[in-house]
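In the part that follows, the structures are each spelled out as C-alpha cells.
Each of the two complexes below includes chain A, the first together with chain B, the second together with chain C.
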Partner chain A sequence: MIGRMRTQTTEASKFLVDWMEHRTGIVTIMEHFLYEPVPKRGAWLYTLGSAVLFTITLQFLTGILLLFYYVPTTDHAWNSVSYIMTEAYFGQLIRGIHYWSANFLMAVIGLHMGQVFFSGGYKAPRELNWVVGVILLLLVIGLAFTGYLLRWDQDGFWASVVGMKIGSYSPFVGAYTINFLMGGDVAGPGTLSRFFALHVWLLPAAIAPLIGVHLYLLRRHGVFGSEFEYTERLAKLHERQRLEEYADYELDDDDENGRDGGGSRRE
Partner chain B sequence: MAELQRDPITRSDFLGFGVLGAIMGAILTIPPVAFVLSPVIKTNILGQSDVDPGWVEVGSVAEVKENEPSVFQIEFPIDQAYGTKHIQEEVPESPRSLERFTIRNAVWVSWKAPIKTQGRQGSGGDELAAAERPAILDQKTEGFTQSEREEIMSKLNVLSNSCAHLGCPVRWFPDQKLFLCPCHGGLYDINGGYVGGPPPRGMYRYTQAEVREDGKLYVKHEYDAGPEHREKGPQEPYVV
Partner chain C sequence: MYAAATGKAKPVEEEVITEENVYSRPDETIAFFPGQVLKDGYVSTFILLACVVLSYAAPAPLSEPADTATVDYVPRPEWFFFFYEQMLMFFPGYALISFGAVVVPTVFIVLLFAVPWLDRSPQHYNSISRPFASVLGILVLIIVILNMLLAVSRIINFPEA
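Here is the complex of A and B:
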C-alpha cells in the first residue's frame, strides 16, 4: 500500500517535472543556474559572491516588509520605526535583519572583492565584470547611506548631515550635490522624501538589473581559477619568458657586433 | 555594420532625424531632469533659500551669564516640500501648522573674552582674558537706549551650534571651558574661536543679530560663511 503510493507520487512528480521541462525548459535552466564548476583549491572562497547575493536578497525582502509600516514624513518617520520595533509582530526581527544584513553586506562585499583581486579574477576576459562589480559597490554604498537617514533619529540624522557635508567639499559640484540631496538648502522634509525615493526606488531599481548583468557575465566566463586555466596561464607565462630570454641573447649578440648606426632595430 | 544600411541615408533623412531626434530628446529629458533638480535650480542658480528671511527671537540677553555661554533653541520657518507656506495657510487648523515646519537651530550666546594673544594654527587657540559682561545689565534687563544696545552687541558672541567641520551640534563643557563637538572632537573657546580638532575655522557666527528695546536678541538665518568670507577657511558653508 505505502509502496504503491510512493511509486505513484514519484511518477506523478516526474510527470510534472517533465511536463514543465517540455514547456518551459525550467529544469535545464535550474541546472544551468545552480551548477557551477569551481576550482578545488579554495572552493569556499567562491561562496563569497553568493553570500553577497544572499544578503542583498535579504535587504530586498526585509526592506519591502518594512515598507508596510514605514512612513516617510518628518513628523511620522521616527514614530513608524518605533511602531515597527515595539508593536508589530517580529518587527524587531525584520528591522534587525535589515540593519545587520546591511552591515554584513559591506563586509562581505569587501571580502568578495579581495578574493577576486588576489586571485587575479579581474583579468581578461573578465575585466567588465570587475567594472560592473564596482558600480554595484557604489550603488550599495548609496543604499547604505540613504537608508540611515530614514530612521530620522539623532544618529541617522547627524550621520547623514556629516555625509552630505563631506560631499559638499567636492570640487566644483559640491554645492550642487548637497543641495540636490537636501532638496533645498536645509535638511528638512524634502531631504527625507529624496532619501526615501533614492533608497526604496531608484537605487534598488538600478541595482537589480546590474546584478543580472554581473551574474550573466560570471556564467559566460565561469569563475576564474580552474586548474585548466592555471596550467594554461603558466604554460603561456613560461613560453613568454623563454622567448624573452631568447630575445635578450640576440640583443647581446648585436651589441658585440658593434653599432654601426645603420643596424636594423628589432622590436 | 555596412550590410545593415541597405538604403543609404540621404542628407535630408539625416537632418530630419537629427532635428526630430533633438526635439524628441528634449521633450523626453528636460521635464524629468528639471523636476528632480528643481531644488538645485532654485537654491544654487536662482539663489533662493528655503528658510524664511525674517527675524526670529532668541531670548533676553540679560540671561547670558558671565564666563559661560547660554544656549537658546530657535526655530526658523521653512518652505520645503510639504512645509510649503500656502499649504500651511490653506489648512491652518491642521496639525501641520506653521511652527511644525521649521528647522530648529541652537544659538550659543556668550560675552566676548578679549584676546590676549592671537593663537596660530596648532597652538591650541587664542589666549583669553575673562569675559566682559556689560555693567548696564545689572541695572536693567530691558528698555535699552541706542548706545546701550550698541555696547551690548559689540560685546556679544552669537554663535551657531553647527560645527564648522561637518555640521554636528556642539555643546559647552563647563569643566573644560570649551565647546566640544560630539562627532570628531572639534574644540572651540568661549568666543567660538578654533582651539583644536578637525574644523578648519572657528564656529559660525550669526551676521544678522540685534538687541531691541525689549532686551531680547533677534537673529536672521545668515552666517559668516560663504564666498564672501573666504578668509575664514576654504570651505563652503552649509548650515543645516
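Here is the complex of A and C:
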C-alpha cells in the first residue's frame, strides 16, 4: 500500500516537473544557474557581493512592510513611525531590520567595492559591470539620503535641510536641483512628498533592473575574485614562456656562431 | 543567452595556456550550488541575526518631531556621510564650499567610473603588480577613514557645535 503510494507520488511529481520543463524550460534554467562552476578559492570573498544583494532584499521586504503603516504627510509621518516603534506588531523589529540592514548595506558595499578594486576585478571584459556597480552605489547613497527625512524627526529633518543646502552650492544646476527636491522655497510638505516618491518608487525602480544587469554581467563573464585562483595556470604559462624563450635564445646563439645552420635542432 | 566563458568547453589537459586564455578558467572550481550558496547563506544568516538582535538591543533612533521653527538644532549626518561632512570643514566659506561640496566629489565619481579605462593593462590583476592603482586606492581609504575619525572626535569633543 505504502509502496504503491510512494510510486504514485514519484510519478506525479515527475509528471509535474516534466510538464513545467516542457512549457517553461525551468529545470534547464535552474540547472544552468545552480551548477555553474565558480572559483573555489575565492568563495568567501564572493559572499561580500551576495551579502550586498541580501541586505538590499531585506531593504525591499521590510520597506514594503513599513509602508503598511507609514503615512507620508507632515502631520502624521512622525506619529506613524512612532506607532510602528511602540504599537504595531513586530514594528520595532521590522523598522530595526530596515535601519540596521541599511547600515550593514553601506559597510558591505564598501568592502565589496574594495575587494573588486584591489583584485583588479574591473579589468576587461568586466569594465561595464564596474560602471553598473558605481551607478548602483550612487543610487544606494541617494536612497540613504532620502530615507533619513521620512521619519520627520529633528535629526532627519535638519540633516536633510543641511544636505540640500550643501547641494544648492552646485555650480549651475544647484538651485534647480534643490528647488525640485524641496518642492518649494522651504522644506515642508512638498519636500516630504518628493523624498517619499524618490525613496519608495523612483530609486528602487531604478535599482532593481540595474541589479539584474549587474548579475547578468557577472554570470556572462564569470566571477573574478583574485589572481590566486589562477596560480597554477599562471605557473604553467610562465614555465612554457620560459622554455620558449630559452629555445629561442639557443637558436639565436647557433645562428651567430655559424654552427649547424639552425632549424634542425629546433624542439 | 548565457554564453559560457571561453575555454570552458575544452578539457584541462588539452588546453594550451596563453596570455589570452590564462584567466578564462580558475585552477579549481566548485558548483555554485551547494558550495557557494552555503557560504553565502552563512554570511546572510549572520547579518539577519545581527539585525534582529540590534533592533531590540539598539532600537532604530527616532528623535522628537521635526519643528521647522527651530533655529539652533545641530543635526548629525549618518556615519557613512561623516567623511563627506568632515571634508567640507576643509573648504570653509562661501567661495570654497561649492568646490569642496560638489566639484571634488564629482571629479572623484567621474574618476571612479573611469577606473577600468585608467588601468588597462590586461594581465596585471594582482595589486602588487600594479602599484600605482593600489597605492592610490589605499590613499583614498586612509583619507576616508581619517576623515571619519576626525568627524567622530569632533562630535565627541564638541557635541553642541
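Everything below uses one rule, namely that the second predicted complex is superposed on the first by the 207 of 267 C-alpha atoms of A that agree within 3 Å, B and C clash if a C-alpha of one lies under 4 Å from a C-alpha of the other, contacts with A are read in each partner's own complex, and residues count from 1 in each chain.
Keep in mind that, in the parts below, contacts are C-beta pairs under 8 Å (C-beta built on N, C-alpha and C of every residue); 3 or more make two chains touch, one makes a residue touch a chain.
Note that the structure is predicted; figures quoted are calculated from it, not measured.
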item: First, second, both or neither for A:I166, with chain B first and chain C second; value: both
item: Touch count on chain A, higher of chain B and chain C; value: C
item: First, second, both or neither for A:V131, with chain B first and chain C second; value: second
item: Partner chain in contact with A:G184 - chain B first, chain C second, else both or neither; value: first
item: Partner chain in contact with A:G174 - chain B first, chain C second, else both or neither; value: both
item: Touched partner set for A:H76, first chain B, second chain C, both or neither; value: neither
item: Contacts of A:W158 with chain B and chain C, given as first, second, both or neither; value: both
item: Touched partner set for A:K14, first chain B, second chain C, both or neither; value: neither
item: Doubly contacted residues of chain A, that is, touched by chain B and again by chain C; value: 158, 161-162, 166, 169, 174, 186-188
item: Contact footprint of chain A on chain B as seen in their complex; value: 37, 39-40, 42-44, 49-51, 78, 80-83, 95-96, 100-101, 103, 166-169, 183, 235-236, 238, 240
item: In the complex with chain A, residue positions of chain C that touch it; value: 2-3, 5, 8, 16-19, 22-23, 25-33, 35-37, 39-40, 42-44, 47-48, 50-52, 54-56, 59-68, 70, 73-81, 88, 97-98, 101-103, 109, 112-113, 115-117, 119-120, 122, 124-127, 130, 133-134, 137, 141
item: Chain A to chain B touching residues, read off their complex; value: 73, 75, 158, 161-162, 164-166, 168-169, 174-176, 178-180, 182-190, 193
item: Chain C-touching residues of chain A, taken from the complex the two chains share; value: 32-44, 46-47, 50-51, 54-55, 58, 74, 78-79, 81-82, 85, 92-93, 95-101, 103-104, 106-108, 114, 117-124, 126-127, 130-131, 134, 138, 144-145, 148, 151-159, 161-163, 166-167, 169-171, 174, 186-188, 219-222, 224, 226-227, 229-234, 236-237, 240
